[in-house]
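Shared between the two complexes below is chain A, which pairs with chain B and chain C, respectively.
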Partner chain A sequence: MPENLLEVNNLKTYFFTRSGVVKAVDDVSFTMRPGEALGVVGESGSGKSVTALSIIRLVASPPGKIVGGEILFNGENILEKNNDEMTELRGSKISMVFQDPMTSLNPVFTIGYQIAETVKRHRKGISNDQAWQRAVEMLDLVRIPDARRRAKNYPHEFSGGMRQRVMIAIALACNPQLLIADEPTTALDVTIQAQILELMKGLAKEFGTALMLITHDLGVVAGTCEHVIVMYAGHIVESAPVRQIFQTPAHPYTIGLLQSIPRLDEKRGTRLTPIPGQPPDLSREIIGCPYAPRCPRVQPRCRQERPELKPVGRGEQLAACFYPS
Partner chain B sequence: MAQQQMATSTATGTTLVEVKGLKVHFPIKGGLFNRTIAQVKAVDGVDLTIRRGETLGLVGESGCGKSTTGRAILQLIKPTAGSVKLNGVELTKLPPAELRKKRAEMQMIFQDPFGSLDPRFTVGQIIAEPLENFKRGNAREIREQVAHLLEVVGLNPYYVNRFPHEFSGGQRQRIGIARALALRPSFIVADEPVSALDVSIQAQVVNLLQDLQAEFGLTYLFVAHNLSVVKHISDRVAVMYLGRIVELAASEKLYELPLHPYTQALLSAIPVPDPEVEARRKRIILEGDVPSPVNPPPGCNFHPRCWKAQQICREVTPLLEEKERDHYVACHFPG
Partner chain C sequence: MIQFLIKRLIGLVFVVIGVTFITFIMGYFAPGDPIRTMLGEHFSPQLYAQLRHAYGLDLPWYEQYWNFLVHLAHFDFGYSFKTQGRPVWDILKDGVPVSMELALWALVIYLLIGVPVGIISALKANTWVDTLNMGIMLVLYAMPIFVFCVLVQVLIVFIDQETGANWPVANWGTPWHYTWTDIQFKLAPVLVFGLAGAAYFARITRTSMLEVMRQDYIRTARAKGLPERLVIYRHALRNALIPLITVTGVTLGFTITGAFLIENIFNIPGIGTITVSSVLDRDYPVIQATAVLLAIGVVLGNLLADIAYTLVDPRIKLE
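Let's turn to the complex of A and B:
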C-alpha cells in the first residue's frame, strides 16, 4: 500500500480554444495522504476546479485535454485507465460534490432513486430493496429529517441546503476514499454553509475519507482543512499546513490575499490593502513568475525565470517564489 | 482616513433618509380568473433612518428582502405601504415627473457588473446618458465630465470609446460606480457591489467606495450578504430576517455584543481566516432553513429556528425597540 492516497505529478491540462491555448493547469504537483483534509484556494481562473476535474477525468474534451503529467491514485495512474475503468472508479473510490446543488440532481427522479442508483452501479448483486434502504440510511446520515418519507420526494421539493446534503449523501454512499468538493457552499447562505461544512468534516472523519475542498474563501479553509495549497494562474504558488499559511505566509500572493479580505474580528478603521491589477490572461505566453506584474517585491529575475515550488525552510511549507518572506 | 472620519462625525445627527413601515408584497396569481391567491411578503414593515454621510449596512441571507428594501427606498419597486422620505420629501406620493427629478439625488450601484451595463453602448455613452437625460451641460461639457468621472473611479479616460466587454469585472464595477456618481447624488444604494468580484479585486472596489464617500460626502445604503465586508465598510448595520429588521446597531457593537439570537448565529457562522481563532470559536449551528415569506411563521418569524423560543415568541411579534443606546433589537429575550 503506497503511503500517499493521491499523487499528482507535473499535471498539465490545457484548453485549445479559437483564441489560443489556455494553460489552465500548468505543471501542478501535490500529494494527499489517506484521510487528509486538503484545501485548494484560488481566484476564478486559477485552475483549482480544472485540477479537480482532471483527477476524476471530467475535463470537457474538446476543448480541454490533459497534455502531461501523471495522477497516481493508490499507486495506479488514473490517466492510463480506459473509460470503463474510470466509470468504475468514479462514485465508488473517488466522488465529487459540485458547487451548484440546483442543477446537479436530475429533476425527474426521486431523491431516493438517485442515491440507490449510485449504490447499485457499484455494488454488484445488491437488491433494489437493499439499495433503497442504503439510500434512506444515507439521507438519515446527512441529517435530512424524516428520511424514509423524504426519499420519495423530487429535487424541487428540497431547499438548496438540503439538495447539497443529498449530493453529499450520493457522494459518500459507496464509502469513497477521496471526496472532492468544488465550492460546495458558495451557492448557499452562511448559516447553511456552516451546517454543510460541519457535516462534511464530521462524515469525512467518521469514514476516514480524504477531503479535497476547493474554495475561494480563506475562512472556510481555516476552519476545515489541515493542509492548504494556493493556486494562481494555473500554478501552485504556495503549499503549507493550515497554520503556516495564515501565520507565516511565504508567497507575496498569499500575503496579498490575506491583507485584502476584511475580517470579522478586525479593528475599526483598518484599511484593506488590495492587490493591484488583475490576474494574467492565460492564453498568452507568461514569461517568468505569473504574479510578477502585481507583486510588490518584484525583482528583475522574477520577470525572466519562473520560480519552482521549493521549501522555504519552515518544515512542510513550500513556495514558488525567489524572494519568499 | 482622518478626512473620512471627520466627514462622518461632523455629519451624524441629521437624517437624510427616513423609512417608516415599509412593506413590499408581491402577489402570486393563480387559480380561476388569475386571482391573487397569496402574497410574498418580501418586505414586511421596515423602519430605518439613514444619517447624512454615514454608511448603513443591510445584511441578511438570500430571500430576506434586503435588496427589495433597497429598491423600494429608491422607488424602483413601488412599495405596498409605508413612507420613504429623502431630505424630508415624501417619495411614495410624488407625481412621476417630480420623482424623476429626485432621481438625480439618489442612485444605485448594482451587483452584476456584466448585466448592468448595456453591451451596445461605449463606456462614454453609458456614463454620459444620465448627464444628457438631466441636461447637465452641452456636448463638450458632458465629454469633460465623463473624462473626469473615469479618472475619479480610477480608470484611464482614454478608455472612453471602448465597450463593456473589453473590461474585467472589477473595471466594469468601476464604470457602474462612475455612472451612479454622474449626477452628483447625495444618496447611493449599493446592492451587493462586490460579491460578484474576485477576492483580490473586492478590496479595490471597497476602498474606492470609501474614498468616494470621503471626497463627495456620500451617504450609502450598503446591501450585502457578506457580514465581514458589511462590517468593514459600515458605520451602523441592520440585520434583516424574513422581511423584517431584527437588529440595528453600530457595526462594532453589533459584532461585539449581538443581542438577537439570529445575529448571534449569523456572526458565529462566518468563517474567520485564522485557524487559531477558528479552533477557539463556538459555532451556533442553526437547524433548518429560512421559512417561505409566503407563509411566514406567526409571532416572531425566527422562532422555529431559535433555541430561546418560548410560548410568547410563537404568538406575539416582537417590535424593534431600543434596548441600549442606539442599539435596536426585535426580540422578547435579547442578550
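Let's turn to the complex of A and C:
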C-alpha cells in the first residue's frame, strides 16, 4: 500500500479554444494522505476546479485535454485507465460534490432513486430494496429529517442546503476514499454554509474519507482542512499546513488574499486591502512569475524567470517565490 | 386532476364558440353567394329566394349564427349547400378516419425517425454525422410540401415505367385496412407527411438534447460512475423529451383535420380534401364544421400533452 492516497505529478490540463490554448492547469503537483483534509484555494480561473475535474477525469473534452503529468491514485495512474475502469472508480472510490446544488440533481427522479442508483451501480448483486435502504440510511446520516418519507420526494421539494446534503449523501454512499468538494458552499446561505461544512468534515472523518475542499474562501479552509494549497493562474504558488498559511504566509499572493478578508480581531474601521489588477490571460504565454504584474514586492528577476515551488524553511511549507517573506 | 379536466372541457366550449364566430363572420362577409354558386348561370329569382329561405340565409347574421350554435349544441352541423340536402356530418364522417390514419402514421414516423436522428445528431454534435443528418433534415423541412409530393409522384411514375411495377401514384386504400394494395396506396403519402414532420422533430430533439447534456445533473450522473449509455438514456433523454410533448400534442390536434396539401395532391378522401373543396364551393356549413373539428382537436391534443407532462415531469401538477 503506497503511503499517499493521491499523488498528482506535473499535471497539465489545457483547453484548446479558438482564441488559443488556455493553460488552465500548468505543471501542478501535490499529494494527499488517506483521510487527509486538503484545501485548494484560489480565485476564479486559477485552475482549482479543473484540477479537481482532471482527477475524476470529467474535464469537458473537447475543448479540454489532459496533456501531461500523472495522477496516481492508490499508486495507479488514473490517466492510463480506460473509460470502463474510470466509471468503476467514479462514485465508488472517488466522489465529487459540485457547487450548485439547485441544478446538480436530476429533476425527474426522486432523491432516494438518485442515491440508490449510485449504490446499485457500484455494489454488485445488491437488490433494489437494499439499495433503497442504503439511500434512506444515507439521508439519515446527512441529517435529513424523516428520511424514509423524504426519499420519495423530488429535488424541487428540497431547499438548496437540503439538496447539498443529498449530494453529499450520493457522494458518500459507497464509502469513497476521496471526496472532492468543488465550492460546495458557495451557492448557499452563510448560515447553511457552516452546517454543510461541519457535516462534510464530520462524515469524512467517520468514513475515513480524504477530503479535497476547493474554495475561494480562506475562511472555509481554516476550520475544515489540515493542509492548504494556494493556486494562481494554473500554478500552485504556496502549499502549507493550515496554521502556517494563516500565521506565516510566504507567498505575496497568499498574503494578499489574507489581507482581503475581514477579521473579527481587527480594530474597527480598518480598511480591507484588495489585490490590484486582474489575473493574467491564460491563453497567452506567461514569462516569469504569473503574479509579478500584481505583486507589491516584484523584482526584475520575477519578470524573467518562473520561480519553482520549494521549501521556505518552515517544515512542510512550500512557496513558488524568489523572495518569500 | 378531475377539476383540471372539467375546467379544460369548459374552456373547450368557449374556444369552439370563438372559432365558429370568426369563421362565421369571415364566411358571411366574404364576397360570393353560395346559392348562386349552387344554381349556376341560369335560375329563376323565385327559386333563388326559396332556397335562400330554406337555408336560413335570408335571416340577419346574428340569427343565422345563433341557429348554427343551437344546432351545434345538438351535434348537428346542418346541411351542405353544395350537395343539396346532404347532412354535413354525412360528408365528414368518411373523411375523419382517413385523415386520422394518415396523420397518426405520420406521427409514428416523426417519433421513430425524427427523435432518434435528433438524439444522434446531438450526441455527435458538430461532427460530419451531425452535419449530414441536419443537412438532410433541413432540406426535408425547408422544401415546400407540394414540391415534395410532386417529386415523389414523379419518382413513382418513373419507377413504374422502368420496372413495370404498378405502384399507385394517388388515392387511398380502405381506411385502417392493411392488405398489400392498401399499403401500396398509403405508403407514399405517409412517408412524405412523416418525413417532413420528422425533420422538424429531429431539430427540436437535437436542440433540447444539447441543452440537457450541458446541465449540471448530467455531470453529477457521470460523477456517480454511471456508464455513458445510462447517462444519456436514463438521465438526459427523459428531460430532453419534455419539450417534444408540447409539439406532439399540437400535432395530434391537427390529425383530425388532415393535411390539406398532401391529401389534395395524392387525392386522398380525407378532411383536408373536403375542406379545400368546400372553401372553393363556398359551402359554409362544411367549412364551419371542419373549423370546429380542428378547434376540438387542438384543444384535446393540448390537454393530452398537459396530462403527459405530469407523467414525465414531477415538478408539474395540474390544477
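Keep in mind that, in the parts below, the second predicted complex is superposed on the first by the 323 of 325 C-alpha atoms of A that agree within 3 Å, B and C clash if a C-alpha of one lies under 4 Å from a C-alpha of the other, contacts with A are read in each partner's own complex, and residues count from 1 in each chain.
Everything that follows uses one rule, which is that a residue touches a chain if its C-beta (ideal position, glycine included) is under 8 Å from a C-beta of that chain, and two chains touch if they have at least 3 such contacts.
All figures in this text were calculated on a predicted structure; none of them were measured in a lab.
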Determine, for the superposed arrangement built on chain A, whether chain B and chain C clash or fit. fit
Touch check for A:Leu105: first (chain B), second (chain C), both, or neither? second
Touch test for A:Arg90: chain B only (first), chain C only (second), both, or neither? second
Report for A:Glu266: first if it touches chain B alone, second if chain C alone, otherwise both or neither. first
Look at the residues of chain A and decide whether chain B or chain C touches more of them. B
Looking at the overlay, what does A:Pro300 touch: chain B (first), chain C (second), both, or neither? neither
Regarding the shared-chain residue A:Glu117, is it in contact with chain B (first), chain C (second), both, or neither? second
Which partner does A:Gly125 reach: the first (chain B), the second (chain C), both, or neither? neither
Closest Cα approach between chain B and chain C after superposing, in Å? 7
Hey, what residues of chain A end up touching chain B and chain C alike? none
Could you please specify the touching residues of chain B with respect to chain A in the complex? 1, 5, 61-62, 168, 170, 198-204, 206-207, 210, 225, 227-229, 231-233, 251-252, 255, 265-278, 283, 285-286, 289-290
Interface residues, chain A side, partner chain B - complex: 43-44, 159, 161-162, 189-195, 197-198, 216-223, 242-243, 246-247, 256-266, 268-276, 278-279
Can you list the chain C residues touching chain A in their complex? 215-217, 219-228, 235, 238-239, 312-315
State the interface residues of chain A toward chain C in the complex, per the touch definition above. 56, 58, 83-84, 87-92, 95-96, 98, 100, 103-110, 117-118, 121-122, 154, 156, 167, 170
